[in-house]
Structure formats: structure tokens, C-alpha cells
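Residue numbering begins at 1 within each chain, and the chains themselves are lettered A, B, C and D in the order written.
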Amino acid sequence: MNFSIYDFTSFNQWIDKFLNDNLNPFWAVVVELTIIGLVVLLFYALVGLFLVYAERKVCAFMQNRVGPNRVGPYGIFQTIADLFKLLMKELIHIKSADTFLFNIAPFIVIIASFMAIAAIPFAKGLHAIDFDIGILYVIAVSSLGVVGVLLAGWSSNNKYSLIGAMRSGAQIVSYELSVGLSLLTIIVLAGTMQFSQIVEGQANGWFLFKGHIPAFVAFVIFLIASTAETNRGPFDLAEAESELTAGFHTEYSGIKFAFFFLAEYMNMFIVASIAATVFLGGWMPFHVGGWEGFNRVMDFIPPLFWYFGKTAFIIFLMMWFKWTFPRLRIDQLLTLEWKYLLPINLVNILIMAFVVLMGWHF
Amino acid sequence: MKEGDFRDNETLELFKKSGGNILLTTIDAMIDWGRSNSIWPLTFATSCCGIEMMATGASRHDFARFGIEVYRASPRQADVIVVAGTIVNKMAPVLKRLYDQMSDPKYVIAMGACAVSGGPFFYNTYHVVRGVDHVIPVDVYVPGCPPRPEALLYGVMQLQRKIKLETMGDPRKTEELTR
Amino acid sequence: MDNATLKERILGLVPEAEFQENKQFLMFVVPPSAMHELSFALKHEADLAFDFLFCLSGVDMVKYLEVVYHLESTTHKHQLVLKVRTADRENAAVDTVCDIWRTAEFHEREAYDLLGIRFNNHPDLRRIFLEEDWKGYPLRKDYVDEVNIVEL
Amino acid sequence: MKEVINLPVRNIEEEEYHINMGPQHPSTHGVLRLVVSLQGEIVKNLKPHCGYIHRGIEKMCEKDTYPQIIHLTDRMDYLSAHINNHAVCMLVEKALEIDVPERVQYIRTIVDELNRIASHQLWWCSFGMDLGGLTCFFYGLRDREKILDIFEESFGSRLLHSYYTPGGLMMDIHKDFQKNVKDFIKYFRKKIKDYDRILTGNIIMHERTRGVGFLSKEDAISYGVTGPSGRASGFACDVRKHHPYGVYEKADFKEILLPEGDTFARYMVRMHEMRESMKIIEQLIDNIPAGDYSAKMKAVIKLPAGEYFQRVEAARGELGVYVVSDGNKTPLRMKFRSPNFSNLGVLDHISRGCKIADLVAIGASLDYVIPDIDR
């Protein structure tokens, strides 16, 4: 029995063995599922709270302010105070709204982001489930969220909400293509859709560096498209505060609004993790093929640290976009996707396939 | 500002001394802590005071420090409505409606002379509501024409102080006591 | 065009216009019936070309109501003030000029709202500041409002 | 035989719906209400509804003396408070034929220009915010605080100063005024480059504003659109140039005229104007002559019977003050030709056929201050 922070496989096997020794197989599975559920839920809440705090501090930093600093040291308990407040706030029922859909919409949004977390590998052996079609699963599940957004906008019976939801629908349907195609570029290179194998494939260099220019182009497109897919600035047309007051969640209050708020940050975390995993090697330390000594030194840093470092870097990039750029207009947004990103992407895949066929990659 | 400075009278805290159930008071303390440290204002300004409210939110004064960062444009998600500027007869029903649209608990800060009493537009005019408390209940009055950002910050601190006295059993107790 | 020739020119267009002394502007009182025609000429004749209406105000002079038009030509840089008077306080009505200077549309609505001067042929003559059901015209000298006004 | 039901044919392409922007809406900068008819996201037409902050200032003026009126003008266009004061003061001085000391003229001109810069800074913040770039908001307000510091030191107030009185000034400038102003100019010359970097050169900003909300020169004149918005359409309407007051004749500055007439031109005019204002201040700040800070005035100011009109160039356009006096200490009628009121009239004309997002950008570029519209 040896646990290490470099490999969680033995730890998982130990738990599995312990449960199977003491319970019958059915109950062992039930207990395992419960544990995973609780851990993911806890992780979800913690990451959400931390990201909200991080965003406030990052935007304060960019705007020459200090940000929250009264609630706990450096204001770290600020988001917890927000959470308490939102939990205790009145939930307004709107007479003219479609009550059932109105109530269910925030849950759809949050479940979609919740499900996507399951497939993400945080470290060796540390993932809820390792699908052989992991990437397909994550793309499929994360785009479910738009159903919630559309329902929220439609059922609120508010014109601002409806415009916001329609914009969001058009936006996600379009940008989903770019997200999928840019990931497909890497799948061509990796030859697999399974997250664990993609990560293993980067043991002697991240795909961003291995795949020549096509991988880099795919990375940039993925960053743009995923920022758009999470409805964050400069693509936050669905909320568009200066145009549509609060967009699709104009009529939501209290904890239901908090769900939308949290889901936005979790979606950001999910796309950042995918980008980190697919392009930057996930938990795989920075390796250069052939430099054994260097690779050893890098291996010394725990994989969890690598993983969260990369994700945080991409999240910081996305926050940087949001606080720097003005917002696009809806037609420009769609022009950008259909006239620029999509054709570039298609050509990019062809080039990548050619590179892989000729074996030009590293 | 040190705590003692904005707590220049003890009246409010005296009310809390009456005691209560240990479970309820603990939960009260938690909820009040959350509420008082996360007051999201509504993006609402009618005139000059609005500019000072913007200045309060900006780099130098930065009331995000107190957790008042997230300006919500939708009244459903806001906690406090800072009435910054004159309210006229045509605006009064709109303001009332905005207040009704907000979800409980909701607070009102009357910022500036116009919102407190009509201010410079008290006499000889036909279209001004003389004090926003004719329309909606006000928690904190911030005088000045317009009040300095520091004054608004002080007002917000007083509101936080007031929220900390709320109890679950009788949420409006503070209001009665301080009346 | 200097003020002397401009005066001749205006009097040539509307002989019944009444000249008024003023230090700052060349000022005429024009009969209401001639106003629209004169405005059209002022804007469109090349040597006059008064294309910029920089102020339109309604005034209650107790004996009569007055609409004052401040005009400027952006090409010739000369200025002119026209006045139209109406003694009828109940149904004060003047021809609109908002088909000639578009800015007049809002200013005329304001004059209607606060002074109760109606403008014939105005496309959208509603109250602009006050509620539709407001009684009376507040800028008139005989306006009383016991409820809202606190006299000092 | 089945009964044929004739349903009315609905042409969805042509159906419109209305949304209310305001009175409480982040992009209307106050309590303006726009009833917008939309077809999808395209604006068919819009009707502005004003009056949500109509305080009856013109009625109050009829009961107030002239020194009292000055305090009311502060509260019309609070972002160019000094310039509004200047209009009323000059009007009274002109009517009473008072010669104002040279020192006062210089100080007034400099303070006006500082006020114009402060106002344009605030416009820049809100423009950026309306386009969705929230960081602009904080950059602009950060630099505005520097001007407010100068104001506060000399005039004792941040926003509404009532610093000018008929015949002169309320008090003399602070001894550090000149030094602080020069420091500010030096500081702001550096910072305005940041403005260009964050917004002017941004490709999204160009996409959002170029060719949006076109206003031709003829329409600008006909609708009476003055100030930076008018000059962006090539309408030479700068009162400082064409009807000079203060000591603008002694300063060398350009009237910024751009021919494009779109939102981006309106943006650029204001950006250039901030630089021109700094140029004016730099030329004047070292030459403030010594002397009194006010002319001798009677205790009660009574304007001779007659009519007076004074035009000044406020930050948003031409402010006209029209007074009919009957010889009393209060005016018979006081009318303010406020720049925003005329500028608002053109909004419907230039925003037809735009998207909602464009409407917000156009509104931001016209830079309206609602209390100035409603008075």
C-alpha cells in the first residue's frame, strides 16, 4: 500500500478493494458512486466560490482597484458572504411566467456543467470516469447548458430575456462547431478521444508544441470559441448588461440566479480544463522529448499542481479578454464564426491530417 | 476608517442586548454577516448624485472593498436601491415599481438632498417629490448636494450596521426600534 | 449680409412685420399667418439661408403669448430673431415650423407642454415632460397648483 | 364538406414588437425612456419619452434672483457645471454692461476647459462601458479625480461648484492652482495615450462604431445637433470660435471638424477636443494677470427691461440662455436652450435600421445628460 501524489491509481484501487471486501458488490458500487458524487459536488462549490473571488480580484487589479478586502483577510470570504445572502433571498414567482420551465431552467444549466466535470482527469488516476469517447462526451454535455438558457429566456415572459436567450442560442450553436473542429484537429494528431490517452500521448511534449502551426491555430480558435461558448466577454451578448439589463436571467432572483452565476464560472473552468488537457498536456509535466534529466526535474512537481496551474493560466487569459475588450454585436459575432473561424478550422484540419500522414510532427 | 469612527453612537447596538435563543442568534449572526457584507446595488441614478455614486465605485474610493461590487441592472437581483438624485412626480410610480420588483430583503439609501427632502427643488416647483420617503421606506439618509463619496461610504457602513441587527424571528424589528 | 440690408430684405418679404429695437439681434414681430411662409423663404433663399434654428422659446407676457425663434445662417453667419404673438390664451395656436427646421419638433412640444401654445400641423403634439393627464400649463403666469407648489 | 377556416395571414417578417428601454436602464445614463419598435433585433423606430427628471427649473428661475439662478444651472448639466454658470454670469454682465476684470476672464476660461476635459473623461468611461469594455470606466474616473482635486482645492466642491458669480468669482484661486493644473496636464498627456490604446485602437470598437448612426451635415444643422456630435458631421458650430467669449480669442486652438458623421467620428472629435482643451489651458495658465477676482457689483442685481441671449459652448454642445426681463430682480421668463435636448431629437432619425447594440453605441456617442434634457 503506497499512496503518492504522483499517481492516484493505487489509492483508488485501495478504496475499491476495501469496499468490496466489506460489502457485497452492489452496495460497494453504490457507496463508490456516492463518494464520487459528494467529492465532485464539494469540488464544484469550492472552485465556483474561488473563481468568483479570483475574478473580482483580477478585475480589480486590471482596474487599479483593490477589490474586496473587508470580509476576512484579503476579502477571501467575500463570495461566502454572497452565497449566504443569495441563499436567504426571496425567490420571486412571476405570475405570467411558465412556472415549470422557469423553475427547471437553472437546474438544467447547472447539471450540464456538473456532468462535464466527471470526465476531466485531474491527475493520474484522479478522474470520475474515463470514457473512450471522453472529448465527445464533454462537448455533448457542455452544450446542453444552452437548453437551460433558452428555456430561462422563453419562460420568463420578458422581452429582454427572450432576446438574450435567442442570442445565446444562435451563438452557442455556431461556436460549438469551432470548438468541436478545433478539438478534432488534435484528435487527428492524438489518434484517440480518450482523455487519459491524450494526456499520456503528451509525455514527450505537449500537443501545442508537437503539432506545428496547425495545433497552435487550433489552440487560438479553441480559446476564442470557448470564450464565446461560455457567454463571457467580449462575447457576453446573452447578458449584455448595457443593452439587455441582465439578459436571459433578468427575472431570476436569489439562489436560482446564483445557479446561473455559478454555472458561468464552472463552464469557464471546464473549457479551461479541456484546453489545458488537450493542448497543454493536462496533468502531464512539461516534457521535452529526449531531455531525460530535464524531464525528471519536471516530474518532481506534482501533477495536480501542473493541472491547476495550466487551468488557472487559461482562466486568467479569459478574464483578461473580458476586462479588456468591448462587446461584439450579434451579426459581427456570427460573421466571425461562419466567415472566418469555420473556414480556417476546416483548412486547419486538412493541414493537420497531412502533417500526421507525412509524419512531420515531433 | 476604524470601526469606532463610524460607530459614533451606540443606540443601534443597544437594541441587540436583549438576548435570545442560542441557536437562532447563531444563525442570525451568520445570515446577517452574509447580508451585510454583500449588498449589491441597483444601477439606478437620476441625476448629479449618480455621478458621485459612480465615483464611489471607481478606483479611488472603490466600494467593492465592502462587497458592494456587483452592480445589478435587474432589480430582481439587487439588494439595495441607492436613490441618487431628485424624484419627480412622473418618476415616483416607476420608483415604487422598481422597489416592488426587488426581492426581499431590500434596503433603500436616500442619497443627496433631493432624495432626502427635495433639497434645492423644494420651493416654487410643481413637479418634484419632496423626499423619496413619500414613495418608498428609506433605511439610511445621506445628506449633501451631492454627498461626497466618503459620505456615501459612511452611509453604506451604517446600513451594514443596521443589517447586523436583524433577527429571523422578526425581520422588521430593527425598523420599528429605530423609528 | 449686414443688419441694415437684412432688415430691408425681411420687410420686403413681409411688409407687415414690425421691427423691434434690440442691442444684440435684429428682431421682428411677425403676424402668425405669415410665419410659415416667411420661414420657408428664410431657409431656402440663397442670400438668406437661415438654416440653424438655435432656440425656440415660448413666453407668457401676461397680455399675450409669444413664440420666439432665434435663427442663424451657418453660411452667412447672420442672425435674426422672429416673434409670433397670439392674444388668445384659451386656444393659442401658431403654425409649426418643424417641417422646415427639424429641431423645432421637440422645442414646440416643450412650448405646448409648459405654456399651452398649440402648433398647427405638428406631427406629434403631445406633452413632452409632464404626464398626459396633467392639468394646466405650469409656465403660465396664472398657473396655480395648491398641491404641488410650496411658495417661498 | 369540411369547413374552411380562414386564418388571418401573419407576415412574421413584418411584425414589430416594442421594448421599453428605461426609465431605469444602464445604457440611458439616467432616467430617459425610449420606446423602441423592433423587428427581430433591428430598430424600426423609437420614441423618446422625457420628463422623468423634469424639475421645473425654468419655473423656479422666475421666482429666484440672478445669483440664485446660478445655483440652479449647476444642476442642469452637472458635468459642465462651470460652463453653465458662465452662461448666466455673462448674460447678467452683458445686460448690466459691466467690464469683468481680465484675471476673471482668464480663470473662467481655464476652469471651463478643465471642466470640459472632466466631462469628456466621464463620457469616455460611459462610452466604453456601454460598448461592454468595463475597464474604461475605471480608467476615465481615475483621471477625472485629479481634476476634481484641483476643483476641490480652489472652489471647495467636487461636482457642483457655483464658483462664478455675476461680475466675477466667488473667491480667488488657490495659490497652488497653476502648479497643480500644469502637473495635471503633464499627467494627462501621458494617460490619454492609454485611452487610445485600450479603446481607440481596438478592432472591436472600430467594427462597432464605424458607419453606425450616420448623420449628414444638413440633418445636423436642421436638427440643431451641436457640440462634438454636430462637429463630427462637419457642422462648424463651436461657439468658442464663432462667437468668442472669455479669452478664447487669445488662445490658439483648432475647431475639430470631421466629415464622417458616424459614431466613430463623434468619438474621435471628443478625443481630439480633450487634447485641444489641454492646449488652451497650457497657453493661458502662465499668463493669468494679477488683479481683482470680481468687479464691483450692487447688492441687488436688477436687469434692465428687455431681452437678452447668451450662447456658450458647453461640453455637449451649445447652451443658450434666453432671458426676458421686466426690470425686476427676478426674470419674467428664463429659457435654457440645452444642448442635450436638441441632440436627443435626432436619435430617432439616426438609429433607424440599426441593431439594439448600435442604438446603445449611438446613445453613448451623443452623450446625453438627462437632467439637462428635462431641466
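Throughout what follows, a residue touches a chain if its C-beta (ideal position, glycine included) is under 8 Å from a C-beta of that chain, and two chains touch if they have at least 3 such contacts.
Bear in mind the structure is a predicted one, so any value in this text is a computation, not a measurement.
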For this session: Note the shortest touch-path length, in steps, from chain C to chain D.
Result: 1
For this session: Give the label of the chain whose average Cα location is farthest from that of chain C.
Result: A
Exercise. Counting C-beta pairs in contact, which comes out ahead: A-D or B-D?
Worked result: B-D
For this session: Could you grab the centroid distance between chain B and chain D? Build each centroid from C-alpha atoms only and quote it in angstrom.
Result: 30
Seminar exercise, completed: Whole-Å distance, C-alpha centre of chain B to that of chain C, is 46
Problem set entry | Cα-centroid distance, chain A relative to chain B, in whole angstrom | 37
Exercise. Tell me, which residues of chain C touch at least two other chains?
Worked result: 129-131, 138, 152
Seminar exercise, completed: Shared-interface residues of chain A (touching two or more other chains) are 63-65, 241, 245
Seminar exercise, completed: chain D touches at least 2 other chains through residues 25-26, 51, 54, 56, 59, 62-63, 137-138, 142
Exercise. Which chains touch, pair by pair?
Worked result: A-B, A-D, B-C, B-D, C-D
Problem set entry | Residues of chain A touching chain D in the complex | 59, 62-65, 159-160, 163, 233-234, 236-237, 240-245, 323-332
Seminar exercise, completed: chain B partner, complex, touching residues on chain C are 129-131, 138, 143, 145, 148-152
For this session: Show which residues of chain D lie in contact with chain C when the two form their complex.
Result: 50-51, 54, 56, 58-59, 62-63, 218-219, 221-224, 226, 235-237, 242, 306-309, 311, 318, 320, 322, 324, 332-333, 335, 337, 341-342, 344-346, 349, 374
Exercise. If you look only at chain A, which of its residues touch chain B in the complex?
Worked result: 56, 60, 63-71, 75, 77-78, 80-92, 241, 245-246, 249-254, 257
For this session: Spell out the part of chain B that touches chain A in their complex, as residue ranges.
Result: 30-31, 33-35, 37-38, 58-59, 62, 64-67, 69, 72-74, 76-77, 79, 101, 103-105
